[in-house]
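Provided herewith is a single structure, encoded as structure tokens, for subsequent inquiry.
Each chain carries a letter (A, B, C and D) given by its place in the written order, and its residues are counted from 1.
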Amino acid sequence: MNSALKTETQDLAPEKHLALPLSTEALAREYRRVRVNSLRLCEPLAIEDFGLQAMANTSPPKWHLAHTTWFFETFVLKPDNPGYEPWHPAFEHLFNSYYNGIGTPFPRPQRGLLSRPTVEEVIAYRQTIDDRVLKLLESGHETDAECLRRIELGLHHEQQHQELLLTDLKYSFHVNPLLPAYRRQTDRPRPTNTKKANAWVEVDRRLVTLGATGDRFCFDNETPRHRHYLQPFALATTLVTNGDFLAFMTDGGYRRPELWLADGWDLVRQQGWHAPLYWRRQEGNWYCYTLSGLRSMTPDQPVCHLSYYEADAYARWAGARLPTEGEWETVAADLPVVGNFIDSGQLHPQPADSAGDTLCQLFGDVWEWTASSYSPYPGFQPAAGAIGEYNGKFMSNQMVLRGGSCVSDAGHIRPSYRNFFYPADRWQFSGLRLARSL
Amino acid sequence: MNSALKTETQDLAPEKHLALPLSTEALAREYRRVRVNSLRLCEPLAIEDFGLQAMANTSPPKWHLAHTTWFFETFVLKPDNPGYEPWHPAFEHLFNSYYNGIGTPFPRPQRGLLSRPTVEEVIAYRQTIDDRVLKLLESGHETDAECLRRIELGLHHEQQHQELLLTDLKYSFHVNPLLPAYRRQTDRPRPTNTKKANAWVEVDRRLVTLGATGDRFCFDNETPRHRHYLQPFALATTLVTNGDFLAFMTDGGYRRPELWLADGWDLVRQQGWHAPLYWRRQEGNWYCYTLSGLRSMTPDQPVCHLSYYEADAYARWAGARLPTEGEWETVAADLPVVGNFIDSGQLHPQPADSAGDTLCQLFGDVWEWTASSYSPYPGFQPAAGAIGEYNGKFMSNQMVLRGGSCVSDAGHIRPSYRNFFYPADRWQFSGLRLARSL
Amino acid sequence: MNSALKTETQDLAPEKHLALPLSTEALAREYRRVRVNSLRLCEPLAIEDFGLQAMANTSPPKWHLAHTTWFFETFVLKPDNPGYEPWHPAFEHLFNSYYNGIGTPFPRPQRGLLSRPTVEEVIAYRQTIDDRVLKLLESGHETDAECLRRIELGLHHEQQHQELLLTDLKYSFHVNPLLPAYRRQTDRPRPTNTKKANAWVEVDRRLVTLGATGDRFCFDNETPRHRHYLQPFALATTLVTNGDFLAFMTDGGYRRPELWLADGWDLVRQQGWHAPLYWRRQEGNWYCYTLSGLRSMTPDQPVCHLSYYEADAYARWAGARLPTEGEWETVAADLPVVGNFIDSGQLHPQPADSAGDTLCQLFGDVWEWTASSYSPYPGFQPAAGAIGEYNGKFMSNQMVLRGGSCVSDAGHIRPSYRNFFYPADRWQFSGLRLARSL
Amino acid sequence: MNSALKTETQDLAPEKHLALPLSTEALAREYRRVRVNSLRLCEPLAIEDFGLQAMANTSPPKWHLAHTTWFFETFVLKPDNPGYEPWHPAFEHLFNSYYNGIGTPFPRPQRGLLSRPTVEEVIAYRQTIDDRVLKLLESGHETDAECLRRIELGLHHEQQHQELLLTDLKYSFHVNPLLPAYRRQTDRPRPTNTKKANAWVEVDRRLVTLGATGDRFCFDNETPRHRHYLQPFALATTLVTNGDFLAFMTDGGYRRPELWLADGWDLVRQQGWHAPLYWRRQEGNWYCYTLSGLRSMTPDQPVCHLSYYEADAYARWAGARLPTEGEWETVAADLPVVGNFIDSGQLHPQPADSAGDTLCQLFGDVWEWTASSYSPYPGFQPAAGAIGEYNGKFMSNQMVLRGGSCVSDAGHIRPSYRNFFYPADRWQFSGLRLARSL
């Protein structure tokens, strides 16, 4: 190894990723903001909607509300508090998602069968736990850094569940032939400029540094920050759109095995995939089911609700490939995290505003499938105890997605953020951006 | 054939089973009574409970409320009414149970995913259809007999669904670790007399007449009335009790293949059956989940929630067998239809009041598995059109049960009534009474 | 009950069905005849064919050869012989079919995975057991009647397996795209007379006696002989043919739910049934796979390889129904057991020779589905011990078939013979004859 | 990027991996050697063994023999030969494994149902194709390089199938309670030295070059050769042994969810995993089923037949992790490829001979699971046409294994060789070596 390289890598302090927690005041403010957002998301729901669970991978809205509360009770209020009286003795079982270190979770596919506790009871549960957490934060007692970190983790955990609440609900609603709209909305004026031509951002071979920078909150799976060698590559400036994807379909994309990974082709045949999830053909026209109900398919919107296999097949058809997560992060690292997030109120990916010759929509709109399997970064160490089950134990069989979506909270996303889903999963707002080796 | 026999059989007028329908006034009264009962059954429910469906064979309470209404709309209001405007165009699809002649039913296992229409909307639907049906009845126009018959059929159909609503709900509730009670209730004073010894009613060989007598409403599967030859047999005076069944269990009943039908033994091993459905062992004692919550197992209550295989295995262990439906009906034909039905408010089988030396509990308490497969009676003809799908198409793979249960409407049961379930089904109030060949 | 009837039924001696066993000489002759037939059936096979098992319900030829031998070892040689040395200690496990009283049978779906013992070893096993059984028979010692009965039972058991060996092999072969022929053969000259018109044999209401007559061997499920009351009915003189069935298909038979039992319609859709098993359409013509390979479909041959559901749907389409087993036996009871059995060498049902105005093909050609579920006759008692598992424990969920087929041994069939299969089963030579209520 | 680094990477000629094919003489020699080896492997088999297929992922020996022959016919003899007459028109369908570009492969799970063609016919098929290929090679005509490359590929393809033939057969045999031995053999004298203590080879951070070096044959998935940055790590000198793994088991390894990846823990519970595949406990002692039959478990043999999940859980329990494939290759790159391969005749991993303080058993004995998912190397391009389906389409959901096993051909293995299996797969000779981050 030459000495220049050695110098470059020595400045990676292994603990730098552990950012200082927010101040208790800032944390209390954020706590109130995030927690109330979960309830606001449920305002359009009928009581009957709170129990919907249309497949095992999803959870009912009520369960999301209770589980995120259970998280604070279990990991913030209960530790180091031997006399802690739980709000309800059965909730440890009912609302544990997957923490084997805590006990045996209630079977996931049956979450929709918990008509009790009622919505009203779950909201009362939230209120009580909120009071207790805020009292803890505002007590003036010296709260230890670990406790503050766990509250901050709990808030990011809740923001993840806010996104899931919407994607899960969308999936459940679409099973109902009435195709209920989560929230009706009028179309915003469409941009008048025509389809942007894609361009390519080229990056030469280089040694880069990846992972959380340590100046703000991150999940453990973004650490440690580490060096990585990149071959020369190009990244598309634009997301693949519905119109692009329709061209793939028209060219027989779903009928040509040579475009597909073997496992993906098996699924195409078994599941009868012939279009992205939520696309429907009626009287010769394509429609998409959205959180605002069934809408005409819009060609210049980014395509979404693709599995990894569909994204990969599209890229192969287009003579390109998916980017690795290292490539994506290298390009995204210095860009501002702005885009179509949940606060836009659109709840659906939107056409690009900017011209196609500059990078656009890296953040927001759709999660972008990468070619990288979800693996530990070199030197990764999960936290000790049950909270270490948060991320690490899922590091097999899944693929990394980057950039956040139209139902992510803007404050929750950062360039180093690693989302992960199974390659067959389609119910997230998952799309793609092309890359090429140079 | 000797001439005496010929004479006996000649008096079976084939059409006699078609009883005259009730008068329009009586029918309107009955309509109001039955329809309001469905809503009363739902009074203890939280809105969240209305969507519960814990297995494909069951339906959510809301679906029962809507489907029974759809039945009147489809089979009473719509026929011969070309301009009929349905309450909602999608309901024909959503609330059709299995009538292929009407269209394609919404998939049964997904009924619990219909959060919309809401409970409020379904109740409004019921109200509108009720108004239309009652207006039809009260219009003074000459209503044809077929229409009146269909209204009466619709009411018996609704009474079947009232029973299912409770048994389905019980199944759904018991999946929830909170074990919700449908309705709390205090134990009624227990009878003080000790366990009745069983006795046997003996019947000599004879030619009997089976099937609906034609003097009141019946389903088509109870017709035509027909002769049947019986070998000599004995029928137990009492139902098999929890205590009896516990003796079978203690004697290794669930571990001894020689006691079981082959298909039943496969299920015992695959499903891990080791006690009736809803029995739980806690700290050395047996409990039963009931519609009033978890209760101590009571030895002198009739055992219930058995599959056909368990009933059959018990009978074999006891050196007896299950009665055929012809044997059961022969004994029951002249007895008054009284017993522990839904109007008692117990919602659970109760110990016998009478002494064991006389027949007791033939009606109410538990449906009694018979040894008879559910087959058409000789000369059976289902009704023409979609309504002919009501019973006939299920005449394979199921077994007949007789006598009604603690959640049946008393007015709905009669000696010739043939209920039918698959031999593996356990979620009905299904028990047994022994028989022997002489 | 009138006295005439009483008199009629009193002459049913309950034990009359236990026919005297054959003499030891006759039994030894029959033993040799039957046992060698099993090997002859295997003469056309390649060693590679002996292990074929294309679905769980079927067994490989080698397994049939070994299991039938195990039957004699287990039920004839071993009882009352404490020092008996089994041929191989593992065979009790490997070749036990379903006798829980003997031990735990090797899992049925894996029988095709037993490459060892080899074919040569199994033939040696047969030879040794044959020597021992024949020595027992010829020893001159007084052999008890029970032992002789079991040998006779073992021979009928083996004849059942000879039929299964061929139907199982046919199923396994047809999975291979090469469509191997079990035995090539030239078409025999076709009868020149044209299609027989069907006629009906009418039977008035009467009290009949059913079950084994007791003058020859029978299985326990044919006993006890008992009285049964029949309503007036008519039975078709001819079997339903391929041409008849094609008319049903052409009329949309497989696409019209109103013709089907509910469970059958589910299977039609799930399995994509659109023709009898083994029918193939190539370039506009229908072909049938037979034990002689793929042959043109012949309209006047009896249709076969139907499930119960297909037979039942056809009958409904034809405005008729399937006969009950009582009706069938009543008509067949006094007819000679002649027909197209395995000794004809055809191995496939053949067109009727006789004119259509008289009953034909009641025996041989195809097993005829009846409308009767497989249930115990009144007063039925299985044998004590493991051998009692032979028939009784299968008396649920199956339907009775009558008459034998083109691969049955003529000597094995009698009017009271009750064969039974699940209503979904199609791999037997199963067809139908119509009936009507009068 | 500093210039020193740039220089280092510029020398990676992109086409260097395409080694010159062997001379036609050398290739003909190798062809004869490899092809005859397949038949030699089958010498211990009974004809009955050739059809065994105990799970969908495996294939029968006869199918391996035919498929490897089909490969030469399809990819060597047929291309550019328009009048080519195939040996049998159906073989293109029957013996195509997964090449969608060639046609529709016969369903994988049914390969065991092809009793025809017989073994004799398949051997005749091999002989004919061998004659044709050798004639092509020896014709003196100028054979193009692509054709020679395909023959060489076909030979490596056949060597892969030779290994699979043995691992598949082992799996099929162990389902038979007779536990047949593929080949009996006497134990070789055991080394007398005691268990080697493991030591660690440490490697500092560095930029390495990975992938095929281009001086000999390689598969496309080993290309292109490329730079990769490594963090500092240590690699264990020894393989994990049966004794080591038993300590994990004794410490509750299979009962402690905190040691497992989530998907692995699900499998542990669903499949009841409690020991490596082929381990059996009898009377308090552990045994392993081997290709020589059931043997006592030997503590100092390398553990094998582990899934990725078990290897990963063991590593976590041991406070270590699995190496990445880049780490493994970096250490192995310059070592001689010697070890316990198939030519040793052991057919089972053997205890290490060398002392534990030096690297041992990197090649042979067991395939070593790595922490790397099977992904394309940067710039990877599969071959054009159907032959491009060989490796590339499997690059999802699988993990890389390195080093070859006791049933690999020594000439087939090299440091850059990437084997790949699903993380749940256990039927290969798969074990592990630990690594640690420094």
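Definition applied: a contact is a pair of C-beta atoms (placed from the backbone, for glycine too) under 8 Å apart; a residue touches a chain by one contact, two chains touch by 3 or more.
What you see is a predicted model; the values in this text were computed from it and never measured.
Peer 1: Most remote chain relative to chain C, going by C-alpha centroids?
Peer 2: So the chain farthest away from chain C turns out to be A.
Peer 1: Using mean CA coordinates as chain centres, what's the gap between chain B and chain C in Å?
Peer 2: 37
Peer 1: Could you please state the distance in Å, as a whole number, between where the Cα atoms of chain A are centred and where those of chain B are centred?
Peer 2: Distance between chain centres, rounded to whole Å: 49 Å.
Peer 1: Where the centres are mean C-alpha positions, what is the separation of chain B from chain D, in Å?
Peer 2: Chain centres of chain B and chain D, defined by C-alpha means, are spaced 60 Å apart.
Peer 1: Testing understanding: with touching defined as stated, what is the shape of the graph linking the protein chains, line, ring, star, complete or other?
Peer 2: Drawn as a graph, the chains make one closed cycle, so a ring.
Peer 1: Using the touch rule from the top, collect the residues of chain B that touch chain A in their complex.
Peer 2: Counting only chain B, the residues touching chain A are 46-52, 54, 62, 90, 93-94, 106, 110, 112-119, 172-173, 175-178, 180.
Peer 1: Hey, which residues of chain C end up touching chain B in the complex?
Peer 2: 1-2, 4-6, 8-9, 98, 100-101, 204-207, 226-229, 231, 233, 257-258, 260-265, 308-309, 312, 321, 371-373, 375-376, 378-379, 388-389, 393-397, 423, 437
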